[in-house]
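The first chain written gets the first letter, and so on, giving A, B, C, D, E, F, G, H, I, J, K and L; residue counts start at 1 in each chain.
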């Protein structure tokens, strides 16, 4: 899990050769040490983006079941985008995603959100439903990303 | 349930006084005696409408979990529209809906589909999650509708 | 639930305008304060009627699973017939039934029993499987009936 | 569900002819968008009323299991009283209640609370145990009410 | 299981001394290698017979739960009748039946169907509810029959 | 099941050649049409016999869990003894027993009771735990017995 | 458990030094050897006392879920009062109670009933939810009491 | 169960007339009083036979799930072969098998093993999935066999 | 739990005033650090005692389900006898037992074994079914004993 | 439960003779009326103590599963230390603990925490896993303590 | 998942540097958009290969439980072979497989099928049992493969 | 799984380019073909190391729940250290770990053990809870490791 540096003794990402390997990322807000639960836990701009997909309707009875997975999907992919950015890359360099879900029906909204991060060519993708993630039952998705950023490109 | 006339001995709808009461409607195709399961079980025009909501994407892995509830929602509301039409009314006359679900998270996609049938003022609405519907586990939603069509209007 | 007057503080039925609305009825014998469990809990005439449908066979191993739902179906519909009778109506005036079941396979025997009460035109009908009824697990069916008995008919 | 106007696109209530039909009401505080969980979520006057019934004892170990259903029962019935009030009626005009519970043993405390709202003649009443309500597992009761307020009375 | 010759390496029946022992029979149509699921999987004449018992009503909501066990009961008993017929016997020679069910409430409809095959003296009978049958969950009944056809009768 | 003649249309036992085949026997008292539940449902002499095995202690907290299986075991074996007696045989002629249990730990007390009926050479025996018996959950054991009573012995 | 002397070989209570230790008490009527199930299983005076708490309403649908725990709570505490009375003490001498429940929500009604027996200073109290009590599932509460009755007081 | 003579008071097999009836056989090693769990619990020759079927691969991760049912199948059929051998017969005389399984998917490997014992004409066969066998959860199969060995053949 | 001194940091028993309080005792053999599972885990003399009660029959199929609770009951009570012996007392001084079970039906055999240790006047007794004991699922009973051994008796 | 005086009508502790008996204690913070959930709910000094045992690591993914039981263990034992202190005693006078857990694997961390309170001779100890504690599912441990504080010591 | 190009917006495989990374592959026939369920869903040549392993016996009762995993194993490995072939490689270049199963006992037949694709040196292999795969419950295995195809080899 | 060479046909590790990929490793002792269950299954030196973390206390009731995960964690990481050692690397070259758990609370003790192997900079890390591992339920953790050991470093 990638949950902010002081939280656990592991590396969020590592460059080895031409690759950047990232730890599995979950939607935990590092500042508050809290799992992302709703649209209120992500930035205003993110909400605007998600509304273009039809989510974040403002109707409580619609958002109540959709917001956890939609907000977490955005948070996790954004975190990966930031991580690869620290190595000078963009989302297009993240060529492979292993996506773990607690409930496979969450794939549909996740897939729409991912489209925001991959407007062009999509990555190699593995999807598996598993039992649980750290730090607990509220986490609905974990993604392990790998990027290719060749050193000797120039 | 309203599943086509020859299927069971009950009335699909009845006028009493100024009201038209309808039997609970489920998404069973009367011609094939089969529960609606996917976008392929509803007309092409319906699919086009649903695509304006972002559903019916053509991606198997997205549609697989969304299509049953989205297609059934359309089918059931369309059937209600037809029933009230037989009494000379429109969806605006259907002032009350009792919506039973097998899984409450289905409310979100259902709510978007209902918006297609109620572009204006919405009806009175009750939402409850129950155990099962006729004729079996594949049925995800049942709606009992009531319309007001005063006789002495003119 | 309608279980005899002194049992609970609610009205078994009420006339409002041209309608008679009835409380949900379950098969509790008001005299004995006991749930109807078998053919022995209903009158001899009722048993004779049910035998015309092939039920109440006298074979213990056949009746043991069929008698609870068949006897309760008769009891509840008969109670509705009595209630509407107190307002001067007959079963034909009971134009709408909401039927809750604990087990949907009970619909088949219930439907045959209902045919005894509706030899002619059937009512508007909603069927839903729910979790439980008052006063406990032995109750297999609850019906909420509505009748239309216009005041200014003559 | 009736949870405050801006929350969802449906009508909390509608007059058709001599009737006022209301949407199913659950105990969601519209200001905070939160389910009512304890005596602290309802007004002081409400608590005083409930203490006349022996509830709201101030002992944590007694209130912990009773407060959710008792407070929600009060909240939902009060909301119905307000809705019918908007149409010029009182609780006596609400002649019919369909009460859905998640756990039938909650009927006993609910029934005592309802007595506060119906000191005189009780309404027609249906009681059913179902699976779940919007917006989630904490909601213990939903009530669908209907009132009779004839227009041409005078 | 007896499911047509080329399906498995066992004998459908064997004569030893004066007895004909039969393998357990389940309702698998040998031609289509499919489990019997509804009245459409059995011959027209069978349906007519079953209608004399009140089954096969043509109402979808009634038949949906009754047809699997009723159609399988007929199919299995008919298969036993054919097997004993190959040895020159009739159903009256089948003196013993061990009947395994997945759900004991299926005994009631089964018993009525068996009456069609045993209009006279009934056989020795054992009834047990077990977990599952070959080739899968849709099989609801398996019967092991034994016939007595003495060789030296004449 | 063998539960007294007027209860179901099957034969309790049949002689074919030198064998007497018996239907599966369960502990249902034919007079009262009730499942045997405790030591009070069997004769005084039976209780005395069982006390020689250490059962039927008169201590409520000891008997409460032991009495159902111990009393049923006695009842079923006694019924088999009576059946074979009607054909002129004794328990020694009952050479084979298929014993079905709902809970295998019941085998231990059953085995002690069987010793009362087979003081000498024991029968061939099959023991299987299954799901349920007719007429319901209270039945804990069913036995299918076969006797050998050669006709041309003399 | 304390269920009347002839039922089991244990002591209902024992004095050792200045203490009287009591066996765990459950609500079994020693005369009828039956678990207390409802208000009808306790004396008229007890019912009158319980009505002062708002229980024993006479409404079937209210009493049905409350009566088992309320009646058992009264019965068990009364039995403890009698036991300590046999040693010349009163409820005030019973300084410690270990209260086992099958369902913790029963603590609320139990607590009100205990107030009738401890109008003054309450005892030391331990509350735990466990799995089951002797002699079966209907028993909802067991209490182990200890009294202090110093011998050399005078 | 047939588990070696001194283990229980029943007959492993009995001749009556021309038949040899055998008790249900499970895979319990009589010497060690242990259930057969793996290929190490059966003789070397047996392992060699099973290897001709592709089992007993020596790869731990393959054998771990296959060895219990394959080794038990061999053990039970070999025990039946021995029993009929004690009466002068061979496996061809065992004309009927009732095979009880705890998990029906075990039928496939069992069927291959049975082919080793019935290279020629197969027996009459009944297959049922039940709950459990003696002496416990590790037992996966029980077989009740019957042989025909006419006395007056010569 | 009392499982031999070097196993855990607690006192097996303590004298305070005239009382000896003992830790809860479970059937763990201190030498082998193993839970008692069968008659082979207790001494020969113990087995002889238990045979006088009808247990320890030597029949595998009878002993298999009875031996764990019977052997553990003996082991735990014997351990309590030894503990009180270290303080100069006998089982008669152990005036109170709190007996926790994982399965209440185990009370019957336990009660017979306890009779061996309390041939005279029985102790005060509390019986409760709970979830689990240390060190794991195989432990079926735990007993907390208290003895009265007054110091100033002479 | 001991949860601060104004919360419930029971005594947190009572002296009778030379003993101080305490009510079962759970980790509810009396000021906030909240269950202790994490290291943030206990004082800084407590955290320092627990860090000497290796707990309270500051790594979110390590603390998330350990903090509830470790913090509650500390809280409950500290509360007992305070209670006995009010009677002039220390933890060494608390000679007996009955420790109830919801999950037995919690015993290991609890045991380490207890070592902080019992650096010398440990108490008599009973450990049982039960179902639930007041006031709800978050409570993981309840301890009932007894102290010996002789009056006439000097 | 790799299920044919038009089905979802992801890349079936990607070359980065000397590696070809592939998306997780499941057994979905791209032409029919259907999960592979039996031997009839794979080519004739595949069936012949599988028969050399003893599978695809033609016996319905044997194939019914084996065919789903055996056919899917073949399909998935064949798809990987095709994918690596599109990059000019063979199965020997696929040096690593992560194999997810829904049921670990499926590993044994899968392992035999894999032997057909890796007659020589086997790959690096990880095996994990997880909850579910896209697009639903019928999918029993998913494999994520990685190949090494160095660019600058010549 | 990596469980010793002769156990299964797969490669424990493979060098491709600058990387060494390892198969998923579980704690199976290759010599005994047994899953590691307790501290007794690992070397003395390992136990000494684990005691520095506070584990391996020697108290049976503490070690019983902690030893399986702690010992397996050590075993698996040590096996990875050996594997990378065979390629001339150290644990610092193992830059990435995918850690699968059966129970996420095991992460806390695992994390402490991993600290022994990574005293310096930690690896990239993914943590997921899944259902089961080979060869069975006792395996609590599986780790898939990847090392970077560039060939042309000098």
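Definition applied: a contact is a pair of C-beta atoms (placed from the backbone, for glycine too) under 8 Å apart; a residue touches a chain by one contact, two chains touch by 3 or more.
Predicted model, so just to flag it, every value in this text is computed and none were measured.
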Interface with more contacting C-beta pairs, comparing J-L to C-F: J-L
Chain pair equivalent in interface to C-G, over half of contacts matched, among C-F, B-C or J-L: C-F
Rounded Å distance, subunit I centre to subunit J centre (Cα mean): 28
CA centroid of subunit H to CA centroid of subunit K, Å: 36
Overlap residues in subunit D, where contacts from two or more other chains coincide: 1, 8-9, 59, 61-62, 104, 107, 111, 127, 130-131, 134, 136
Complex contacts: residues of subunit L adjacent to subunit H: 1, 3, 6-9, 28, 33, 134-136
Partner subunit E, residues of subunit F touching it in the complex: 1, 8-14, 16-17, 21-24, 100, 130-134, 142, 144
Parts of subunit B lying in touch with subunit D, wherever the complex brings them together: 18-19, 95-96, 98, 104, 107, 111, 115, 118, 121-131, 146, 148, 150
Subunit F-touching residues of subunit C, taken from the complex the two chains share: 58-62, 64
In the complex with subunit C, residue positions of subunit E that touch it: 53-54, 59, 61-63, 65-66, 104-105, 107-108, 111-112, 127
